[in-house]
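Think of it as A, B, C, D, E, F, G, H, I and J in the order they're written, each chain with its own count starting at 1.
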């Protein structure tokens, strides 16, 4: 049974927030009252990761406009997140909170902790304002994620939430026609 | 711990194959020796599903050219798949095998069976020629999947497999430059 | 120990009701307050099944006159029931509710779920207005059921319920003489 | 999960065989190599039972011609069966073996033992020459069984066994047309 | 540890009472307030049993005069008891209630049920007015019981109950001298 | 389930044998190859017991002639048995072995040990030459046993053993007619 | 962990008290309010035992003067104790209560029951007026106990109880100097 | 069940041997091939203990002549034993090995370890050349042991071992008459 | 997980306090309200130990001035501690309490008990006034501890406790500059 | 029980080795064949840690001359170790391998993982060439370690290893006199 439709389990974590250059507390409650994207990656100071996080930063303003907060998570500490932010050109651009998860609690809650390596899989989650997981995407190492897809998913999820009773067909994009499910549609589409 | 990097568990299933209008056997062995996309959806004769499956059909030639076979799976029987194929305009276009999973074995193997409803979540999986899961994507009801993204993921996954030691940064597209990980890159990208 | 004399276990299900072309909720409570026939079969869009269900439809008016509601059940969804009703000439005639049981809960409650195949055995049950099972009949694939026998069983069961203390000998038909059990009959009949 | 398609579990029993007025041994092996009807009833010297057993006797010649052996079973001993046969006019006509099951082993094997009362439910079973159960019918007290239906079921079961690949629609009677299942029939009948 | 001095465990049973030719209910409470003899035997319509039960009937008046009720018990039903009583010359003479124990509950309570055969051993029990077992006698098949011995045992048991503090030596018969235990007798008798 | 038809469980015991005024070993093997009567009683130097044991001694010659050995058993030691034999007039007459069972092993094997008091119930057992228990008789305190009955039981048991296929009716005495069970006798006696 | 300093566990027993030639009840409460010597031995009417018990009797007046009651215990019954007392010259002299322990409860409470033989080891215990065990002495068969030592132990134990804070050195005898423990004595004696 | 008649359980310990002023290894094997006295006491440098150990030393020559080795044991280390021996006048006289048991293994093997305090009870054990415990004596604090009694016990135990079949009555002393158990003695002594 | 930051578990122990030459009680509560050094060592009267304890005594005045109490602990008793103190020149100088732990409770609480030998490892613990362990140091046999290091650790721990928010760099000595952690220091020192 | 004297448990880890600026594999086998110092600390890019690691670096040449390899360990990855080494002035001086332990396996093996925080305690371990732990030192946060003490401990441990039978008194420094343990020293030092 997948995590779709399940509420995020409780956790407590420290994050590095680049905007005020400060350490903040983040819990499962922080994910409620607004839409959230939670983006796991294996390790600071390693490969691919920077480009994915940079790509996510490029969509950050758009996501903010949609009422979405972004959190990146690895099993590195918040100290290391600051150290990486201070020293990496790409990471230095990041403006969203970077959660440190050295105990692996957050990663376990999202079923993406590799217990053998102690590192998180590359999972991205869209969470609605009730703290309920709406989309899951996980890729093997070497297969990068495209942050613009997250924007599309958020828009579709927000539309469904605002318009209960309508459903989005595949490849739905903002403004296109959606379907209102009714018995007449059975076997007709 | 996610399914990424894990081999598909054994299963036995009947599928409706529209090309020869016949019923065929599919097992976990059928997924080996070529790339596969396995696309779960909740129910035949219901909403959204048809458009997603149609969208996947539109990418089917491209995927075939990349050496990829596509399988759709629901907990309906192969009889129902044929009945739906015969009677729905959109579904009638489908050319890939449609797996029937009334016992839920296949859906359970991919962790997408909702035991309460007896239906599968909307999960899409890319599987490499060794039967190992490379990507997972699962969406809540109402959030459609875009089949073109699958094509990009397949290409990235195939590149990494052919070029061990290189990694794809985010938003990688065919032909763009990839990264070869080395110690010099730590903290430099 | 057989199910005879046992009350139907709780369940919740969606059914397609052809009369108003709508989806309705059915529970174990729906089976109380009137006589019911519950008829399980393996799969929509498969063989034999249509003729059995059609045969049952032909007795439907008679059964209605006897105060009996009829329910067919398979592990297909209510969506598929509608799809089949819309597209099959024989099934299109059906006027009784068709229960969808994709999670297998109803079939398990009546001990007719084949866990390996995920399909129901061909079981027919007569249930009295207290929700208590009065007759069980189950056939292997290929052996059709004759709906007119159900009518006879209902009549016998209703007679016994109205006339406690009398019993029906074998081959009892409506109006024929019944037996009132007494000590004098021991070893005499 | 019902008993349909399951092989009869091992048992050892004594039976009274009226033809030679002798006691014989019956085991699950006795049920192989020919078709069998096994008819359970609650108690010798009680009501309804005699008429059902007499009804079965009236079909005995027909069943014998079809290669079928009949066994009646109650939790009375074989001594009591003889005593009843000697003293009851109706039972005195019986020519088939009457199995005594005082330990309840046979009744438990067919899931028809009421542990509280120590008596068997009114179950009738058709068993094929491999000892595999093909039909189950169980009625509450007061609802008699019609032995002529058993004859029809036997004929249908024998036809399917001789003609693998064909199936009998509902209300099939000897000589009427049967269906050969093929993909073309899906949704067409 | 034997059943001597233990109270009879609860049971519920149907008995055939020949005096009024009726079926009655018997429980462990029926055994209280008077002395009882409970006589188990394996099977109606079998051998030895009739002569033992007939022998018991011959002592019935004597036992009645001593305030004793007699119950015979087998795992046959009360229907069969009536059937046997109606048809056997010897059994037809019986005037005491014949308990039917098809579920084996009564026989298990007295530790005389042979679970393999489902039949009772040949046990005879004397029970005092408090429902407490005073004597046990069980014989293998083929070794008949002599009912006159029961009469002697009842008399001895009644004497001890009425005269607490006295004990009966071996071979005590009504009217003969009994012993009052005292310290002086230690090693003297 | 009673001990009838069960083989005696293994035990090791010391006995006082009055004939040679010696202590001997007795095991379950000692009970094989001849008929045995094993007579339990609660306590040496207590009441009733002496008269019962004296009564048994009076039948000892008769029993010896029938090929029967007699053993008395209490949870007293063999030392006490000798002490009692030396000092009690009645016990001094005894010629059969008196088993000491201070550990209660023998009494437990025959289900007559009262664990609370540590004493044996008044049980008498007839055992055949295969070490199989043929009759059980247990009385409450104060109800003496009549040794002459044992003689009758031995004779009946020996007759059945020598004449398999015949059975003894109740009150059988040596020389009287026995019954050979056959189907013709069912319901006739 | 030994029994020293532990309170005697609850028990209920019958004893033969020679003084009034009567049977009395003894419990763990009987051991409180005065000093007690409890002397276990294996078996009445066996060897050594008589001389040990006679020896204890010779010290009985001295012990009585010290406020000590003596109890002998074996797994024989109180009946046997009386029988032995009546018939043995040495035992006939005994004036202290002789506890019968056929169930072994008392012997188990003092950890001296040999479960295999059902007999007690030769243990002697001194118990203070609170029912607390002060000394344990157990010998193998053949090694007699010297009752005069018990007198010395009682005196030492009584002195320590009356003079808390003083301790008796080895070989202390009444009237000799005792030691009052203080820090100054460490390593000095 | 007491330790009498049981073989000493395996242990490994260091002891201080005053004779050569050295540390030696002692195991359960060291206790075999000669008689042993093992004397437990709570603590070095505490009260009573020195006088008991000194008293034992005074009997050491006598015991040696009888082929007996003496071991004292406390849960102190062998280092402390030497320290005590060096500094205490009384202990300085000791010539037998002093076992150190800081892990409590030896004390546990003899059931004299008080787990709460970590100290041994005042137990003395006589062990025969087969390593089998022959006598147990344990006293509460404040009740000294008299070593001369040990000498008497050793002599009695050695006599019994050399003269199997004879037993020592109470208060036996070397040279006095012993008893040879025979049936004639039962109840005579 | 180490003991650092954990509160000392409850214990009860006797100690020898040399100052008043008396025995005192010490519990985990004694360790609260002041700083404590608890120093475990294997055995009194053994090697190395004396020099370590002497070395600790030489720092005792300094530690007292810092508000620190010192406790030495071994599994020897408090009696032995006094005996050692009385007889060893080096140990005779000690002024701090010496805890006796013969049951091993204290050593187990600090995870330094070697269960096989029953002796403590050479562990030294600094405990703050809340009873919380601040430093652990354990050495193998033969590697002595330098008490002056303890003084440095105490000073550092006291400084941190008085100045929350500052941290001591390595090799901190009293009066040298400490660090106040702030985000600016990340990666800068 | 402490880790002193225990062999290091198996582990597999990646380390950053600054000398050749490369990633290397380290296992428990790497710790054998030479002396090792393993130094745990909580987190890269945090406080105190840098000064401790710098201090250790300053002793690195001395330790190398003594045949000692140094390993630092935190639950950060080897990627982060390199990132920190590249960007911190103090850490940039380090020449010894820095083990990454994101799964916590190494920290758990040395009992210094805080499972709640996912970080290691500040533990330092000296390990001999057999992989056996010789010293443990763990400090709370804020109490720095002095690397020069490690040098002293190594020297003492190496001396003891080379000179079995001698022991180092407290405060031993290279070249000072050591003690050879002998019985004469008991209580003399």
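As a convention for this text, a contact is a pair of C-beta atoms (placed from the backbone, for glycine too) under 8 Å apart; a residue touches a chain by one contact, two chains touch by 3 or more.
Since we're looking at a predicted model, the values are computed, not measured.
Undergrad: Spell out the chains that contact chain G while also contacting chain I.
TA: A chain counts here if it touches both chain G and chain I, which gives H.
Undergrad: Which chain has its C-alpha centroid farthest away from the centroid of chain C?
TA: H
Undergrad: Thinking of E-F, which of A-J, B-C or C-D forms a repeat of its interface, with over half the contact pairs identical?
TA: Copy of the E-F interface among the listed pairs: C-D.
Undergrad: If you average the CA atoms of chain G and of chain H, how many Å lie between those two points?
TA: Here the centre of chain H sits 22 Å away from the centre of chain G.
Undergrad: With chain centres taken as the means of their Cα atoms, state the distance from chain H to chain I in Å.
TA: Spacing between the chain centres: roughly 40 Å.
Undergrad: With centres defined as the mean C-alpha position, give me the chain B-chain J separation in Å.
TA: That pair's centroid distance is 50 Å.
Undergrad: Would you pick out the residues of chain G that each touch at least 2 other chains?
TA: Correct list: 45-46, 79, 82-84, 86-87, 115, 186-187.
Undergrad: Considering only the defined contacts, which chain H positions touch chain I in the complex?
TA: 43-46, 75-77, 79-80, 82-84, 86-87, 101-105, 115-119
Undergrad: Sort out for me which residues of chain D touch chain C in the complex.
TA: 1-5, 45-48, 50-52, 54-56, 84, 87-88, 90, 111-115, 121-123, 133-149, 152-153, 156-157, 160, 166-172, 179, 181, 185-189
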